[in-house]
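Shared between the two complexes below is subunit A, which pairs with subunit B and subunit C, respectively.
Entry: the complex of A and B
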C-alpha cells in the first residue's frame, strides 16, 4: 500500500522514461518491446563521436491502464534531449502501426522531446513525418492516441507538431510546447526577435498554462503520477463518448477556430495582453497560480 | 499578385494551362493535366509558413475537399520554413502546422491524389506539414530541402559550423539539399528532365495511403534501419 502511494506521488518532469512508464501504468504490467538488450542504436551518432544509447532514447511497449490494454512510447529526455533520430522514430512508428492493426484501448505517448535529432537531421525529419502518418492511420483505425507532455524538454520542433496531431493533449504547467525553440529563434533571427534568456517571457509564451488557455492543451494537470493517470482515463472516456473529431466538418471548425485566434490575438504581442483580452482578471497573477485555481478561473470566464 | 518566379513555374509545370492567385505568399488555383482538372495550393516565393499562411492554405484546401470531391491536388512548395517569430510561437504555430497535416491526411483519405512539387527552399517544420504529407514528392532543379540552417544546428548541437560543414560533405543523413532527401526516401522524383511530364505521371498514380518512404530510403542506402525497426515492432508476437 505504501509502495503504491509513493508511486502515485511521482513527478514526471525530471523522472526517467522508464520511471514514468512504471508509475503511469498499473503496477507491474509493463512489457518492453525492443528493449536495451536488443541494442538498437543509432547508426549515425558515432560520426559525431557521440555515445549511443541501447534504446535510442525511447522506451516502447504495452501494459494496462485501469485494467485496459494500452501501448506506450516514452521518450528519454536525458539522452540528447529526447530527440527523434532514425531508430527512435521508427520504434514509435512501429508502435502506432501495431496499434492500428491490433487495436489496444489507446496509445499513450509520454513526450519529452526537443524535436528532430539534428545530428541525423534528414533521417530524423523523415522519422517525424512517418510517425505523423502512422499516428493518423492509428486514429483512423479508431485507436485514440494521447499525448502526455510531461518532461523537461516538453514537445518542441517536430514533436511539437506530433503532440498536436494526437486526439488529446495533457500537459503539466511546467512544460513547453512549440515549434522553433527560443534559442533557435534567437540564433537565427537575433535576440530582438526572441530573448531566450528572459525565462518569464519564454515560459508565458510557450508554457503549459498559455497552451491550455487557448485550448491547445486539453487538460492541464498537477505533475503527479496519479493525476496523469486520472487525466488519461478521463480523456479516453471523453473520446469514447464524445463526437468524432476526425472529420471534414471537424477540420473546418478547427480551421475557423484557428483563424479566430489570429484575428483576436494576432496583434497582442505578449501572453499577458492575450490573457487580458480573454477576460481573465489580473493576468500578472497567472504565472503564480496553482493548476486548479487557473482551471477554475478559465472556466468561470468561459475561456475554456 | 503573381511573381515572375511563380508565373514561370506554372508555365513549366502546366503546358495545358493553369490559373492561380497568390495572396501574401499562399497560392490557390487550378490547372489542367492530361485533360483532367487539378486543384493547386501551396506556399511560394520563399514565404515563411506562419499562423496566417496556414489559415489561408487550410481554407483553400478545405474548399477543394468540400466542393471538389476526389479532385487531384498539386501542392507547390517554396518556403523558407516555419515562421521563426515570437508572435507565431505565442499563438501556437505547432497547432497550426498539425492542423495542416490533418487537412492533407484527410485529403488523401478522401481519395484526392496529392502530389507535392518542391520548387525552392523547403525547411524544417514547413516541409513536414506540406510536402511530406503528399503521396509523392517531386523535387525540381531549384529544390533545396533542409531541416534547419547551419547556424541553428550549430547552436543546438554546440558543434562549430566548420565541423558541421565538413561532416555534411560526406554524410547524406546530415547534408542539406534534394540529393540527401532523395537518399532518405523523402523525394520520389529528383530533378526530372521534363517536370510537366513527371507531374502528369505522378498524378496518374492511384491514391496511396501506405507509407513507402522508409523502404525507399533503405533501397537507396540512406536509411538502413527505419523500415526494419518499425516492422519488427509490428511483427512481435
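Entry: the complex of A and C
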C-alpha cells in the first residue's frame, strides 16, 4: 500500500495527537510551535508527585489543508485524559490569539479532552476561560474555528463548552460530548437517573449520533483521516459561502431552537423516545446504523 | 517521582537527523521518549519516573540500547508513568526510528 493511502485510512479514535495531526494535514506540512524540546511542562504536577509531559498534552502549530494554511491544536488524550492545565490551555490560547492576528484560513482544534485538569484546579479553570475569550476573538476577527471531536475522551467539561463555541463541530459516532460526564451525573443524581455503567445508554445520550440528531454536532463522519479532512474542508467552504451564523439574528434563532427542544423533548426519559418523536423510523436500530445510513435517515425526515 | 541520569558509551550516531522527535505518551504503564542531538561522545539518558526503586532495571534496559544501536552523541529524555521494561525498550526503538527518518 502506498504511504498516502495508508495515511487516509487512519482512525483517530485511538491515535495519538501527533499521529492525528500528521494524518489530518497535507503530508509533511506540519510545523510545531513550542514543541517537546522546549520542555514547557506543568508547574503543578510535580507538587502531586506526578509525571509531566514535555508538551503538556497538546500539540500546536501550523500546516496546510488542501494547500491552505491552517493552525492546529491537538489534545493528547493519553496524558491525564487530555485535560486542560495551565500550560496546555495557554498553548491553545496562543494559537487562537495568533490566528486572530495573522489570519490563516482556519483554526482546527482536534479535541480529546475530559475537561479541566483536576490537579491544576483554578489555573485550569482560568485557562479554559482564557481559551473561550481567545476563541471568540478569533471568530470575531473572521477566522473560523473548527472543532474535530475525534478522541476517546471526547469533549467534556470546559472542553465540551469550548467545542460548542467553535463555528462547526465535526464528530465521529464513537466519541462523546457533554459538560458533566456520565459518572458525574450518576454521582450527583443517582444511578436511577443515569447509570454510567450502562454503555448503550451512555452512548445514545452523549454519543456522536445523538449529538448529531440533536443538532449540536454539524457533521457526523466515519472515523478515517480522509473523512475528517473532507468534512473540515466542506465545513470551511460552508462557512465561507454560507450566511453568517454568528449574528444577533443567528443567536436569537439558536436560543429559540433550544427553547423548542426543551418543549418537545424535555420530558423524554431516553434518547430512544426523542428519536421516535423526531419521526425517525425504527429508533432502536439507530445505535447500530452506519454513519451514511443515519445521515440519510435524518435528512429524509428533515431532522437535519 | 525519581530522577535518574545515565551515560553509556556507544558507537557514534551517524545519521543526518535534524529535528528532535518524540515517541509514546505519558499514560499509565506508558512513557514518552524525546530524542535530541547532545554532546559528542556517550549517549546521555535522563529519566523521570513515577515508579521508584527501579534504577538497576533502567540501567539494564538503557545499556542494551547503547550496545545494540549507534546512539553515541544522542540525548534521550524520558517521562515515565510506570512502564514495564518491554514497553520502555519498544518506545526507545520507536523514538530512534522516528529520529533517523
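Quick note on the criterion: the second predicted complex is superposed on the first by the 301 of 304 C-alpha atoms of A that agree within 3 Å, B and C clash if a C-alpha of one lies under 4 Å from a C-alpha of the other, contacts with A are read in each partner's own complex, and residues count from 1 in each chain.
To be clear about the criterion, contacts are C-beta pairs under 8 Å (C-beta built on N, C-alpha and C of every residue); 3 or more make two chains touch, one makes a residue touch a chain.
What you see is a predicted model; the values in this text were computed from it and never measured.
When the two structures are aligned on the shared chain, A:272 is found in touch with neither subunit B nor subunit C.
Judged by the touch definition given at the top, the superposed model places A:187 against subunit B, while subunit C stays out of reach. When the two complexes are overlaid on their common chain A, residue A:160 makes contact with subunit B while staying clear of subunit C. Of the two partner chains placed around the shared chain by superposition, subunit C is the only one that A:51 touches, whereas subunit B remains out of contact. In the superposed pair of complexes, A:70 makes contact with neither subunit B nor subunit C. When the shared chain is aligned, subunit B comes close enough to touch A:94, but subunit C does not.
In the superposed model, B is the one of subunit B and subunit C that contacts more residues of subunit A.
Contacts of A:113 after superposition: neither subunit B nor subunit C is touched. Shared contact residues on subunit A (touching subunit B in one structure, subunit C in the other): none found. Within the complex formed with subunit B, the subunit A residues making contact are 33-34, 40, 43-44, 47-48, 60, 86-87, 89-91, 93-95, 97-98, 101, 114, 116, 118-130, 132-134, 136-137, 140, 155, 157-158, 160-165, 177-185, 187-189, 193-194, 205-206, 210-211, 214, 216, 246, 248, 251-252, 254-255, 258-259, 261-262, 265-266, 268-271, 274.
Every residue of subunit A that touches subunit C in the complex is listed here, in rising order: 16, 18, 35-37, 39, 46, 49-55, 76, 78-79. Residues of subunit B that touch subunit A in their complex: 51-52, 54-55, 58-59, 62, 65-66, 82, 84-99, 101-103, 105-106, 109-110, 124-125, 127-129, 132-133, 146-149, 151-157, 159, 167, 171-175, 180-181, 184-186, 209, 211, 213-214, 217, 222-234, 236. For subunit C in complex with subunit A, the touching residues are 1, 20, 22, 25-27, 30, 32, 34, 36, 48-50, 77, 79-81.
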